[in-house]
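Structure in structure tokens, see below.
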């Protein structure tokens, strides 16, 4: 049993750390320092810098532009990015449709799409959820009618993150309404956002920024070559991807960074003339959360060590999403608490509250979604109850 | 809106308080001071003292020996008893079969049983639960066969509290196995514990004292006159009683006394040379629980004020059991925490830990049952979900 | 002991309920939150005419001569649809005037507000104060027949709009001392008063107010100079009690909004309210909302208790309790709504935001738990 | 980074698993808990022969020359059936000997214990110590060629039976100072050693030990006089790590015991495990039990870390974490068993009790959270 990283791994981490320091443009570093929300343009700017270094999709196989790193290096890499507060790249191309295409797509698709995902030249979004298909995703209604050499799409998707900036969308669509089980009539289809009949309309979340869209499809013509894998097998492909998402959303580095920020705020905020960080009650609150994060980090290490040796992710990885999102929310609660009256603030001009506190309230609101998206925590519990505990 | 008690009510409280002080025998007062568990004999000793004063069943109507007090006086009375730590009287006669008989029994039954319940001459126990009928109480299997002028009982009850000391047991028994709904074939029957074929065998709980029995019925003959109310209507009567139980188990006074004890332990225990009570983290832990109790006390007052004006207990009373039992358990957790290493102790001779700490560990264990008995908290939530929130 | 409303109280509550239903659904607040004022002067005037603004103030100054119980009932009902008019600042600043102001001062500063013609604000928070009303650096120097005020106040609710602002300042004593504090009534148009409007998370507005050597006459001091310590503590409790009442209205609304959504939203071909795990969660929300109703009553009854220990114990208990309950109910309200719950277009997020504001205003849980544990009552009977 | 067990470790765990299954089901602990000793000397001897007792000690003294990782793995497995033999006192007291004892002392005091012929105890708690291993009043006065010990130790695990007891005493420094502390090995038969056996809640035994002017030779001092402060802190961490490992075994057992009960127990004509609210609760238990597995590994790996900050950070995190998880899992274990869960005859209550003992031994959550927050690592990189 061994918790340490090898000297090579540690050297790798140092390399990543110093590269980030030099590569992150000052205006992005400044926003990172105060944990501000990045614009889409800023995210893509950073994407291209990473792509230039060959680090945009380190988890992809080497032959399609990946870095060929093992799980430990991938973990170290992403933890460094998170700790530095760099913009998080859009996962829809790099982490979702890309890997899915690598596994299930044909050669023509790989050649056509993967390079532009990697370079950031084409931006993707995801069309899964529908207004009436949330937790019960398999009941989705977007129809794809077979018209010989093409499909005609009709219907609506929602929660299509940053669809307003996307060049492409991948959708789950119903291609067989007669299938016995509703999961069996679903296909995985790629659609050009510029196709006539596609409309994406952003809506605000409670966090105050327009991250999500509703996207309508009205008689949208999609060539058959845009079908990934086999007809009516889309559900299987999508499910294969869900496991990956679990580890994506644990956000250990993000929470670690939030706790660091919490301590800095606590150090810089005086009450009764003493820093909050000296107050035993407040120290205990912070430590309680940090200890929870330590435990989750160990769970993440275990999942990682398993993956490194080629094991399938075991049950221990299923808790990452559940607990990771709770801790992320706990961090926001803690930050708001530490800010005291300053936590009343909302999109004021700079100077009203210290820079470090300026973006807390939007995050506090936005992160309520963490326990809802990527399969709500209730759905996760249903899955664990059935799949791991074998309850009826 | 008015939270104060009237001068008459306050005078009444003072009267009760000073009477308890003078009437509680010193050996019981000593046990009360350290919150020791009382023996059955000690409980009955105190029952008889209260009966002598006419205060054994103040909630009964005056004509059958009650005190004729309104809800406020009853609350003040029971709070004083709890705060003084007096033995809790067995509820099975006074709070359960007695009131049920008063409401549904015939005159002969009232004349035969009530006076001896009141005086403590006859001790009762309750035969509801069975090994296979816990949360699903209505599926009970104890058979009562009709043999003309008597029933023959066959079956088993469990959780028959203090059956080993009881003279009588009231049971829910199945008198019609053919009834369409299982609730409709159940009758409420009184049975002499000395009847041939009745066997009660105590078993230990995790608290280490034998409070409960399993009770077997083997061809037990019970005269028909022991049927309360109508045949096959027992479920209705039992349900009518369940509402009363909710307020019985909130235990506001018990928790208030536990918090007082917690503070005394915290005052008397030094860490690093300072009383624990001066430690802000510990003060916060205690205050957190006390504030929860304050909120519940207000909820109890509201239920009470409603009852005083003749209202039916509203939804606010349904939370008393849920939250009250959680707080009781929280108090035990707090006491164990404050005791530190002394919380390792278990039934040692006096002197190993201070008297006040001696009975905490058994209570810590025993009170795990509080969220299970009298309708588990999960069952309570089912009921609230259906009856109050109207969820499907 | 009696928690039934009197006939007058029932009538009052019915009127307010009717108002929020017919004239101030959440939609009104949505429209106002993007405006500079954030609330509506016409509605304010109407509230004055209905007697709501003056409900807890003496008849001599145009009030209804009732108590904070009635004020709390109004605030509780207004909370159900997030009515944005600044009643809480009025009740707190107004109480300063009613308690310590002269008859002349009350007529001059309070009466127009109670009539709905003006509005008030209460400026007591400073950068270092961390919920402590006695932590005041703003200084009041004697100057001529009056005083010269210098300092910065933060997060003054309705400070962006108030005609008169009650301000705390120190002429003596250390930074956190209860001694040496005074209350002044500042006109926003006085030279040296610099008001920076700021937005709050709930869509309302407040102000950062700088007092740069503001000269005020002796006629603008409330009560004796240096004697306002106890009154400031009492005002803090009154404000805290009001937040508890409003939170109670919020929690009831979120509970039933969520319950209704569970009945309506179908997944897997059934209403999601048929899933036991969600049912039990909703019951947990119910328990918290019911307890909050109870502590709101506690807060109403005790907010003006003359015994400081009795008052502070009740208010701190109520505030600490409602912060815990409010966080749970509004968070679960969002969670049970799922995706739609985090859209700006759905109301539940607005309640979540307002609940956070109420939790923070007039002391957070750490403040109130610490205060609760420092009261004589906490160590009594040991 | 690698958490897979080596071949040797796998073999070890398999052997222990086989033992608990075949030779030490909970029933054995039930029988022993009513006896004076509370455990079984024959089993102890066998554990010595199997090499478990010496697993983490040098080969020179009869150990297996492995590390605390292996000791932790054994303790974790033994926790699954509440095996009552005193391994934790042995590992802690034994480590004192291994770290600070001379070769002669190790042969004399440690070797017989590792062989399963004797048992050890570690006496460090006193009335005032509240989890702090440096809070010591027991005094060691130089007397002739040795020392005279005077003081009272409390809650000495296995103190009722141990042949040799490692005792902390102070020859210098204030009550809570880390300086001036020494460790002595006391034979229970020495004049002035008064041992009062006491019962612990989990059915085990400990002792209150009074040292009434006990004369000990210099050959019974471990390491330099007055230098034991850092070692005492390390022993505390080792003990805490062991409790975390045992708790992990307990939580796994309670989780699956509860899950099996939910499958088996029928109410309303279905297994109660089909109720979603209970399913989700069981999932919550699963999450806590899995996290505890993780922190147990953390504790195993870091228990002997030479860097005190690194060690204390990991151990305090693990202990605080397992106390929270353990309370939840064992409480819900009982709750989901319903009535039967509070009977003495059902095992779940025994696990609940043992979990409390483990939570309290070697520092409770308040202690470890406070310590965690006082470490340099907590304030690093700010």
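In this document, chain identifiers A, B, C and D correspond to the written order of the chains, with residue numbering beginning at 1 in each.
Simple rule for what comes next: a contact is a pair of C-beta atoms (placed from the backbone, for glycine too) under 8 Å apart; a residue touches a chain by one contact, two chains touch by 3 or more.
Just so we're clear, the structure is a prediction, and the values are computed from it rather than from any experiment.
Visitor: Work out which chains are contact partners of both subunit A and subunit C.
Guide: Of all the chains present, those in contact with both subunit A and subunit C are B, D.
Visitor: When contacts are scored as defined above, which chain pair ends up with more C-beta pairs, B-C or A-B?
Guide: Here the pair linked by more C-beta pairs in contact is B-C.
Visitor: Approximately how many whole Å separate the CA-defined centres of subunit A and subunit B?
Guide: 52
Visitor: Would you kindly tell me how far, in whole Å, the mean C-alpha position of subunit D lies from that of subunit A?
Guide: Each chain's C-alpha centroid was found; their separation is 42 Å.
Visitor: Hey, what residues on subunit D touch two or more of the other chains?
Guide: Correct list: 275-277, 279-280, 366, 370.
Visitor: Going by the touch rule set out above, which residues of subunit B reach two or more other chains?
Guide: 280-281, 284, 378, 381
Visitor: Contact residues on subunit C for subunit A in the complex?
Guide: These residues of subunit C touch subunit A: 125, 128, 130-132, 135, 154-155, 175-176, 196, 198-203, 206, 208, 266-269, 272, 275, 277-278, 327, 331, 334-335, 338-339, 341-345, 349-350, 352-353, 356-357, 360-361, 364, 366, 370.
Visitor: Which residues of subunit B touch subunit C in their complex?
Guide: Residues 1-5, 9, 72, 260, 263-264, 267, 277, 280, 283-284, 286-288, 290-292, 294-296, 298-299, 301-302, 304-306, 308-309, 315-316, 319, 322-323, 378, 381-382, 384-385, 388-392.
Visitor: If you look only at subunit A, which of its residues touch subunit B in the complex?
Guide: Those residues of subunit A that touch subunit B are 279-281, 284.
Visitor: If you look only at subunit A, which of its residues touch subunit C in the complex?
Guide: So the residues of subunit A in touch with subunit C come to 129, 132-136, 139, 158-159, 203-208, 212, 269-273, 276, 281-282, 285, 333, 336-337, 340-341, 343-348, 352, 361, 364-366, 368-369, 371-373, 376-378, 381.
Visitor: In their shared complex, at which residues does subunit C touch subunit D?
Guide: 275-277, 279-280
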